[in-house]
Amino acid sequence: MSAAQKMTYRDACRLALQEAMQQDERVFLMGEDVGRYGGSYAVSKGLLEEFGEERVRDTPLSELGFTGAGIGAALGGMRPIVEIMTVNFSLLALDQIVNTAALLRHMSGGQFTVPLVIRISTGAGRQLAAQHSHSLEGWFAHIPGIRVLMPATIEDARGMLAPALRDPDPVIIFEHAVLYNSEGELPAGFTGVDISQARIRRPGRDLTLVAWGGCLPKALAAATTLAQQGIECEVIDLRILRPLDDATLLDSVRRTHRLLIVDEGWRSGSLAAEIAARIAEQAFYELDAPIARVCSEEVPIPYPRHLEEAALPQADKIVVCAQAMVVQCPV
Amino acid sequence: MTDVLQACHQDLLLKLLRDMVHIRSLEERCAQLYGETKIRGFLHLYIGEEAVAAGAVNALEPGDALVATYREHGHALVRGVSAEAIMAEMFGKSAGCSRGRGGSMHLFDAEQRLYGGNAIVAGGLPLAVGLALADKMQGRKRVTACFFGEGAMAEGAFHEAMNLAALWQLPVLFCCENNLYAMGTALARSESQVLLTVKAASYNINTRSVDGMDVVAVHSQTRKALARIRAGHGPCFIEYQTYRFRAHSMFDPELYRDKAEVEQWKQRGPIHGFSARLKEAGLLTEEVFLNLEAEAGDEIDRAVQFAEAADWESIEDCFADVCTPPEHTA
Amino acid sequence: MLEFKLPSLGADMDEGTLVQWQIKPGDVVKRGDVVAVVDTSKAAIDVESWIAGTVQELLVQAGDKIPVGTVMALLAEPGEAVATTAAADAEAVKEIPAEAAKKGASKGASKKSSVNGPKPAKTTGETPTLRRKISPAARRRAEELGVKLEQLEGSGPQGAITLADVNAALAAASEKRDARPVKAAAVPDPARDRRADMRRTIAAAMARSKREIPHYYLGQSIPLDAAMTWLETCNAQRPLTERVLLAALLLKVVALAARKYPELNGFYREDRFEPGPGVHLGVAISLRGGGLIAPALHDCDSRPLGELMQGLSDLVRRARSGSLRSSEVADPTLTVTNLGEQSVAEVYGVIYPPQVALVGFGGISEQVIADKGAIRVAPVLHISLSADHRVSDGHRGALFLAHIAALLQDPARLGREAA
């Protein structure tokens, strides 16, 4: 049993990559500036020295090309990990992800599978302005044929890559850029995580609070504040954006009878909308209050700090929204 | 001319002719079956371009990979996918080479390493680069042949794939079937540089252009390019100058090209021209040619019967093969 | 004779209009010959023939709009005699394209209207009303318990009626003499109104039960001499204030049987059975001013008999004084009714929805019992089961009753099982 280890989310991601490449010769990392530069978020720093240029492969600026090459290499027996610097750039590779990776198994009648892992950083909070700050993971969660993961904890950042590489189908892992510097403890005796179920990060009886990725710490902070006011939130870390774990959500809502969803994506057509619809479909008669959402405001994420903060879900917004669901307001 | 033929083995020449006749026979029957609503969706016929698939695909080794476009019936047939499996696929039957999931534009065959007809223009190019990368990283001496039309050369994916393949010196053969029209848009109306080899050469790779109506020229140039790639000199680009005699798809009124132009190209029809040359060289008789045609007709008849009799996949199985079932995951 | 049919010229083509024929009767057609020009929604297209033969007759005229698959012309196979006079036939078959054309035209018309969008729908004339804010969970609970929502005031956000309000209202409904307004009651009702409310509530629940639940009924008589002897022995060791009545013992055995046969203990909701979260027996208590309430005695299967007795006394007292807790009103998993005091011989009760069973105890009478070749006189109790056939079957119900009978006739076993 290993002892508990303190580390950053970035370290956890790096350790996962390192372990994957040590354990399986077929695994290699490919993307813009993953090698010499050390990764734009320094996740792959040091890996080039350990594994060499063949396996830590710097690519030209051609997301469509190298993502497609990752698909081909996966078909050819390798286990590529493609890194796309930020989710806004993933749009340049969308054709290969949606039209090829996600469809190949179906179109070939099950003859070909694409064991590809794509890592993409996402999210706002560091004043990078509109073209580097969006949260488009909900779009990918729309596509049948791919699995979409979003580690929000040190444990998941460390543990999700291994099962993703074992999945015979394409898996996208979204890493929230604000989390890279967050510190936490990898529990003693850590043996890995599943990539199929949502997880309750804090139990509670009054209200179910669902969040993922960069919104999880905000939801947990809100739950602490609400507990001081006598409102006990059950905080669920969604973890897997596709396929959605309806059972864990339903089970919680059947106990708390209230649901609040926090999503850094825009409200319209969001993953939060999908979750709300599923709960309304399957647990309408369990609800004791309308389902509520705290999402990003419908603007491109602005550059100045105060506007960026105003545009994003925040703990205080979650608190106000939760209070309105539970406490009587003067009519 | 005759010397060129004499240099080739007679069996090979007859194989090339036979393959072209079989493709033609398959494609004509497809057109008919489309009219009878047996085949649905988009259907793109290869009539007129047979020499490219017959000449080039016959130059590949058994272990090589093939990435094709949505006009790929001929490539699949020459590669060894049975006419039955192709026809059943176009009927949407579960006995099809993609279990009926793909149809005309998505013929796949794992055994023949056919990585699909792809209905996204230039969509197959990055895939081919990746297949070649996997071969190179695993030390295998295989080539990935990637077919695309000249229309694909306007797409960003073409440039990204060429750059990666050349940069990493990957064993890819880029096979451009230039039939002069991207659907209805003539080459000169869509490309600032109509000399395709010049455009490809900017990536610092070996290029060549060949008469795509001449099956022997196609075959020999393709062989040379493949040999170069196998020798470790990186990717090659070949432009096959060809022409489709029929419309882009089954619903194309062909308003964009002159009927006289079509007639002119038809005079250079690949089957007609090649069989005449063989006869002239004393390598083919009319009787043998008629036999080839009859054989092809019989093969397609059997394929249609097979497809007609094949089963539809049950609706309950609709969700199979979206993701790998959990019991097969590690 | 060969038929030349209008081929499909694209995935989106359902019909076409003949622009002109390129052939006339008597022409010899080869495979691949263009025989007609057909206008589709996209363009005029040359249509070629995949059959060879001699044109016998053209069945469609220029301008006709016809669906894909319509026979457009008849061709004689090579070698087949060509009919010389086809005029009469032609008249007859003209019906076909005309019909087809009509069909095509009407299809076209319907398409057009869909393109223009549907006509604005007429409303019913009723003005939309603002529904009261009642949470779906509260609405369902109220329906199950027969609580009238109209008189409740909501305590939730924006005045919404919530689960808590419904549970509180039910508890309040049992206070027949206490006219103090509870939080959820709209106005302090006089006792008479309260009784009327309760009557309506019972009426709604019982009507729903008989409407929706397919009841089946089983009954059994059980000698009680062994049980009474055992109880006397027990009570002899207890202080007077802690004596256990037969009623508590009966609840205990029912609870143990319910634990063993869980399909009789729980709820039927949304077309499926949900097992109860514990064995919470609803004890039917008649109120002095009339009416009935069946609050829950929690965890009857696991609590010791003495504690159960105290709980029962307390529950009856509070039910009659109107101070039940909302949880007691809300969650019984199986109701027990005991009409023995009224010297009723047998009772077959109506299940309280969404519960799935009800156990009834009749009166105790002395009877002559033939047992193992001997005759004895003993007190006998009649016990009945009303159960929901959607959830359980008679066989399981019979086993449930048999288990109760066995426990009552071998009370030592009861001590073991209750432990």
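The letters A, B and C name the chains in turn, as written, and every chain counts its residues from 1.
By definition in this document, contacts are C-beta pairs under 8 Å (C-beta built on N, C-alpha and C of every residue); 3 or more make two chains touch, one makes a residue touch a chain.
Keep in mind it's a predicted model, so treat the numbers as computed, not measured.
The minimum number of touch steps separating chain B from chain C is 1. Per-pair tallies of C-beta contacts place A-B first. Taking the mean of all protein C-alpha atoms as the reference point, the chain centroid lying nearest to it belongs to A.
With centres set at the average Cα position, the gap from chain B to chain C is 58 Å. Mean C-alpha position of chain A lies 38 Å from that of chain C. Listed in rising order, the residues of chain B touching chain C in the complex are 31-32, 34-37, 40-42, 249-251, 253, 255.
Here chain A touches chain C in the complex through residues 257, 284-289, 324-329, 331, going by the rule given at the top. Contact residues of chain C toward chain A in the complex are 135-140, 155-160, 162-163, 270. The part of chain B that touches chain A in the complex is made up of residues 65, 96-102, 106, 108-110, 115-116, 118, 120, 123, 125-135, 137-138, 144, 156-157, 159-161, 163-164, 167, 320-324, 328-330. By the touch criterion stated above, chain C contacts chain B in their complex at residues 5, 7-13, 40, 42-45, 50, 68-69.
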